[in-house]
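Per-chain numbering from 1; labels A, B, C, D and E assigned in written order.
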Amino acid sequence: MPTKRKIILLLSPFYLFFTLFFFSAVLKSFVTSLGYYPIVGLKKIGLQYYGSAFHSATFLASCERTFLFALFSTAMACLVGLGLAFLFNGRKNNFTRIFFKIAQLPVMLPHIFIVLALLQLISQTGLIPSLLVHLGIMSSINHFPLLVNDPLQIGIILTYLWKEIPFVIVSLVLVLRQMDDRYKIVATNLGATKWQNFWHISLPLIQPALINAFIINFAFNFGSYEVPYLLGNQQRELLPVYIYDLYVQGDLTQLPLTMSLNLILSLFSILFAGLLLKIGRFLPGGHTGGSK
Amino acid sequence: MTYYLNNISQKKGGQQILKKVNLSINDNSIFAILGPSGSGKTSLLNILARIDHPTAGTFTGDNEQKPKGIMVFQDYRLFPHMTVFQNIVFGLKIKKIKKAEIRQRAERIMMTMEITELAKRYPDELSGGQQQRVALARALILNPSLLLMDEPFSSLDEGLRMEMLDFVKKLQQQFKLTVIFVTHYKTEAYLLSNQVAILINGQIMQIDTPRKLEQTPANLAVAKFLGQANFIQGSFQQHQFVSSIYTGDSDFRGTGPVKEATLYIPFVGSIQLATTAFSAFNGEIIGITWIGDSERVTIAVGSEIIYLNLPVDSVQINTKKQFYFKRLPVVY
Amino acid sequence: MTYYLNNISQKKGGQQILKKVNLSINDNSIFAILGPSGSGKTSLLNILARIDHPTAGTFTGDNEQKPKGIMVFQDYRLFPHMTVFQNIVFGLKIKKIKKAEIRQRAERIMMTMEITELAKRYPDELSGGQQQRVALARALILNPSLLLMDEPFSSLDEGLRMEMLDFVKKLQQQFKLTVIFVTHYKTEAYLLSNQVAILINGQIMQIDTPRKLEQTPANLAVAKFLGQANFIQGSFQQHQFVSSIYTGDSDFRGTGPVKEATLYIPFVGSIQLATTAFSAFNGEIIGITWIGDSERVTIAVGSEIIYLNLPVDSVQINTKKQFYFKRLPVVY
Amino acid sequence: MKKLTKLALFLIFSCFVFLPLLVIVLLAVGKGWNYPQLLPQKINFGSYFKLLFTNHELLASLTASISLALGTIVLTISIAYPTAIALAYYQFRGKKLLNILVYLPLIIPGIALLTNVDFMMIKLGLDGSFLGVISIHMLFCLSYAIKLLVDNLALLHNRYEVVSRNLGASSWQTFFQVTLPLSKNGLQGAVMMTYIVSMTQYLATLLVGDGKYLTLSVRMFPFTQAGKYKIAAVYGVTFMLVTLIPLYLIDTWMTHRERRVIRA
Amino acid sequence: GNSKDSQSTNKLPTNYQTALKQAKGQTVTYYGFGGSDTQNRWIDQVVTPMMKKKGITVKRVPMDIDTILNKLTTEKEANKKQGNIDVVWINGENFYNAKKLGLLDGPLNNKMLPNMKRYISASDPDVKRDMATPIDQLEVPYGNAQFVMIGSKKMFNGNYPTSAAKLLDWAKANPGKLTYVAPPDFTGSAFIRNIIYETVGYQALNDAPATKAGIYKVIKPSLDYLNELKPYLWENGKTYPKTTAQMDKMFADHQIALDFSYNPMYAATQKSTGQFTNDAQTFLFDKGTIGNYNYLAVPKTAPDKAAAIVLINTMLSKKAQSEQLSLKYGAAIPPYSANKMPQEITDKLNDSAAKNNTVPVKTLAKKRIPEVSGKKIPIIEQLWKEHVLNAN
């Protein structure tokens, strides 16, 4: 059968739904961001909103801060998740099976829950400081470092880690399960140590999955406002919160600006994702060609 | 140094797939293990490579307590994410050998394997035989003191196979390697090694030189495995083999009930037209197939059909001939 | 019905791996394609099975416009999630054939393949040869009108291989199948088929009967591929071949410059000790290796070394002998 | 020694996961939990269940949530599978672009997207309809589903599909007999993520659902956002139960049936 | 409302009787913030049964007003004639926007709403203006809110800081024991406005032009005050709680001494569910606190306006409002005009204030300061962010 027709057939549902619901919506927000929002009388089309965004020092500073923050928290999640996935990917072992089930738990719950629980746990009157005081490890709860709304955004990072480490584990283990240890056996036989094995064989083989998980998490960490809104530090405001605040002020004439900021943020994420995919293709493991 | 396999047994899926294998293999030699499909060859090599643990028994060396062989896998197992070059140098890179040396060694071995132009390809862009050569190169480049090869030439054509065989032999002599290699293809075994063990059904049946093996297989199983032979049913009575095509003296090696004996007539080297002291049978030539270096001749002896490989043009179809055993025929 | 391959070309990774292949294959026959590793055999079969598209050319049949062969894959490709039984009956199940019939056909073929006891196992619990037999069974059970086999016996031992060959032959006759099979192992090709095509470097070099192929390869490439031969460099002057070991008449088939010609002396069937009209050379026997059905004899002729396969015990080591061509020697 | 570190890591990780969950459960069933009390003064599971079963809305929300989730799963998988197959098996023009496109719904912030999607839905006459709501849920699940499937499918490539087609199976037969079982792990992941993402959609459900689909999340999120800890926790525990139980059942069933490792 | 069959219901009925007749058998959909369990309970347990008696089913959709407005705007943009929202809970800034975009239907007048006529006098400022936006009969008040302080008796030793100055003094003496929710949180923002009223007065702010520069000039002293207070706040004012919930918890745990709420009975309801200890005490600033109303409105796209009218009238009824006085329904004060307040409600209010140890209604009414224009609020928040939060 002609492959071309087959591919068109395979992709048409995706493109159909994407065009209907997604591209059209994005297009509309793009048009709005250009300043065309007739319902409030804005009809002048131009790049003025983009221009003002790039001239705003707050915005740019927030951009940089958010990028570093997202990069760091995503990298942490991926690193820890990767390590744990490797330690516990066996399927025969009951112990690792239980581990996998536990790891699935956080994936299933919305972020908002962990925010709620974290506030109960690590705010200064939370369970953990109380426990430390009770146990005599700390003399007063005031010595407990501020972990919520703190300048280092530890609260947000913890929330993201709680959700994302398991996500990384789950997506990697699903791949690792499929990939038996045949190549590991070969490498060991050729003299590779455990570490070399990990570095040269296992890691490249799951590299595409890892990059995927990284991009998904990064996009979330970079673009979502819910958690930073609740747990973030107001002085070091993250970009999504900055945009959200602008949005909820309820001034509809500001909507084009909000949209342009959102689109700038998205564009940045897209470029970064593209870059990561590109890098991934050149890194070891970029060519798997279907493991044989 | 000598390697010892002591009473190695292996069980899998409730089945005994290796049964008390005992072998001692001199170092600096090539040792072939020949056996039919499913006889346990791969399983045995896996144990020698310490990829698998035997359920019983040990594999030891004179000096080393735990020798470990480098393996060429039957199913190649090239790393799918590495190019041919990367695959080949993997073992060297792991050992942190200098780049220049790696490059040089890789180039040499790729030249020998005729895969130099493939260096940048990925395994899924190679033909079967090319993959097998890369797998070979990946192990050979390490000059391992103990090299294990699992049917390493099965996908190669005759010409390449011979070159590879020569190369392995040279390498073995140059670096004083010990090579244990497994095959189902007896010519290969005979060409490479002077010591061949026959593994059938998880048991070592015979260890001998190729010639001895062919002429006097230890038992019927070996004889049948070596193939290219006629097996004539008969009985063994009063020190005589009795059957429809031949009755007379024989070299009896059977263990089974005397009532049922089998006469072993290999296609090659057992029967000739020139007269000897051992008259065999009189038969009619009913078919001749040309098979390259000789002719496969189909002979009807009474109601039995016998096949022999005879020199080209030594008999004509539809003629009758008297055949002779070269020596006393073997009966099991 | 006849199948036609019309000018099939294939390009991959910037390389021309099949070059205008033209073939016509009669139905109800077994057609063998023989070629060295990497010559494009698998690529060609993939096109015949319509797994791959040629960059140019077509594959057609007399009645069918788009014939499609059922393939036995070189790397087996057993479905890893199915048992041996499920793998074997896959094609039948797909066709919604009755359970009872499926069961019966499967049992018969498993018996022939000697894999009946493996029915409930999964592919990763099988040895290499067992996997190959399952792969064969999976295709053969369908009695496909066009069967494509890619090195289907490479992992089987001699005995099994012969049985399988017989089985395929019988099946082919019984169901009037057309079988195209690919191998690098020439004996296999010769045994199964009377029409053998030689594919080298993506080109069909010769289509002939086995005997013709061996005796008069169309060109040097074919000769070299068929292997088991000595190639003596010399020149072709005034209708005479001139070289250090032999100078005289020859059957010249070369195309190249006359200055450089090559004398083709296969190990088998070209040279004998008995006197003929074509005196070859006088050499000293410097080595004898026993290779099963004959002896590989190493002969020093001046400074050249020549190998021949001679009947066992026909020469003694360290003796000199006069050798004769059986017929006019071929020179390229 | 190594076993010990592994065990230690396991325990740390378990604490990391369970501590917050424990807090939520305690919040849901406890009463009077103020500093410096370590644990709630009273723990009363009865009150939780009473709240659960006397809440007449809960059952309706559950039905809404689950039917939407199931609908989303069907829609998402039926779009994600072909797309993933194309991405994992074939080379075609625009593949790189598609690879990035797939991430877009995750990348573009909800603010920029939701009202505009709602606009489109109104224009298409789909707002307030089941199809409309599962379509927007699908939009957010699609990235996960496709990526998880691609990761998995790419491992085996289409080697076995080729065999199946060659042996005479139709596209559909091949899909159900070969592709599906071989990518079971990826499918499981995709279904799981889709279920979860659909269950947790709040704004999208409200906006596009036109208030007709009052799912568990729709009812719960105002409380969590308003920081009504206790009632949020009650909903949260319920949410956990209805998410975890079916997903664990699926997982157990899958691993149970899966007698064989699918080797890449 | 599933009333697509009857065209007539898509227009506002002319009077209550017609509305009642038309609405019979219909479903009315109420959209409002769903995060208040007491409010939800009131609608579910009090209003819904009352409506049921009138043959009308109530459906409550929990959606916050920002989202509702969004939805309505989108519907208007997409030219949708009939939506799914019958009644919305709206106020202040959002009303300003909704009105500007012409999303709301009206007039909602006395003819249509007998209970409005009965209990609310048209001259009430809160019926005329919502955050300085003229109401023009586009919304109807249904709940009364006033900003109150909740202090810890123990920590303040019974001596509550009833002015900004006292608050500052106390903060200096007890550093780290105060904080406020960061704007744009609703209460946090209100606290800042209340401080502005304390320091520069309502009138000054109300008169200031709605520009950043204009407001800054006026509220500079207030910002200075907040900056002076800053180092004595929790975590030295480097960070602030983000939600009232967070602040409530800090207060409950006695980490801070002062909490705020827009509901005068908030402390009482919190105590009744065990979230606050008995130590919590409600008080006001001497100069007064901000008061505003919660309003109801009917969108132009409402599918069943007759039922909407009935619902609004029912929510305004004496029965509903007096039920709402109990703690489990949030103890919200009715929006009734002081002179039209039924005696039994007044009694109940006084009774409850005494029992729950809160500020009496009279006092509340006396110390009520109106809201400023909704347009100014984001500007104030912006200024706070620049000059207080991010000031070094």
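We take it that contacts are C-beta pairs under 8 Å (C-beta built on N, C-alpha and C of every residue); 3 or more make two chains touch, one makes a residue touch a chain.
Since we're looking at a predicted model, the values are computed, not measured.
Would you pick out the chains that touch chain A and also touch chain E?
Joint contacts, listed by label: D.
Can you identify which chains form the pair with the largest number of contacting C-beta pairs?
A-D
I'd like to verify one number: the distance from the centre of chain A to the centre of chain D, where each centre is the average of its C-alpha atoms, in whole angstrom.
16
Find the geometric centre of each of chain B and chain C from their Cα atoms only, then give the gap between the two centres in Å, rounded to an integer.
Taking the mean C-alpha position of each chain, the two centres sit 20 Å apart.
State, to the nearest whole Å, the distance from the C-alpha centre of chain A to the C-alpha centre of chain C.
Comparing mean C-alpha positions, chain C is 56 Å from chain A.
Provide the list of chain B residues touching at least two other chains, using ranges where the numbers run on.
If we look for residues of chain B contacting two or more partner chains, we find 124-125.
Mind pulling the chain E residues that touch 2 or more other chains?
73, 77, 243, 245-246, 249, 253, 255, in rising order.
Identify all positions of chain D at which a residue touches two or more other chains, and write them in rising order.
In chain D, 35-36, 119, 157, 159, 225, 227, 229, 261-263 touch at least two other chains.
Give the list of chain C residues in touch with chain D in this complex.
49, 51, 68, 70-71, 73, 77, 79-81, 90-91, 94-95, 122, 124, 138-139, 142
Spell out the part of chain A that touches chain D in their complex, as residue ranges.
The touching residues are 3-4, 6-7, 9-11, 13-14, 17-18, 20-22, 24-26, 28-29, 32, 84, 87-88, 91, 95, 97, 99, 101-110, 112-118, 120-121, 125, 127, 130-131, 133-134, 141, 162, 165-166, 170-171, 174-175, 177-180, 182, 208-209, 212, 215-216, 219-220, 223-225, 240, 243-244, 247, 258-259, 262-263, 265-266, 269-270, 273-274, 277, 288-292.
For the complex, which residues does chain D have touching chain C?
Interface residues on chain D, with respect to chain C: 159-160, 162-170, 173, 177-178, 181-182, 260-263.
Under the stated contact criterion, what part of chain D meets chain A in this complex?
Within the complex, chain D contacts chain A at residues 6, 9-10, 13-14, 16-21, 23-24, 27, 35-38, 78-80, 82-83, 85-86, 90, 92, 96, 98-101, 103-113, 116-117, 119-121, 124, 135-136, 138-139, 142-144, 147-148, 150-152, 154-159, 185-186, 188-189, 192-193, 196, 200, 217, 221, 224-225, 227, 229, 232-233, 236, 239-240, 243-244, 247-248, 251, 255, 261-264.
Which chain D residues qualify as touching chain E in the complex?
31-32, 34-36, 115, 118-119, 122-123, 128, 203, 206-207, 210-212, 214, 218-219, 222-223, 225-231
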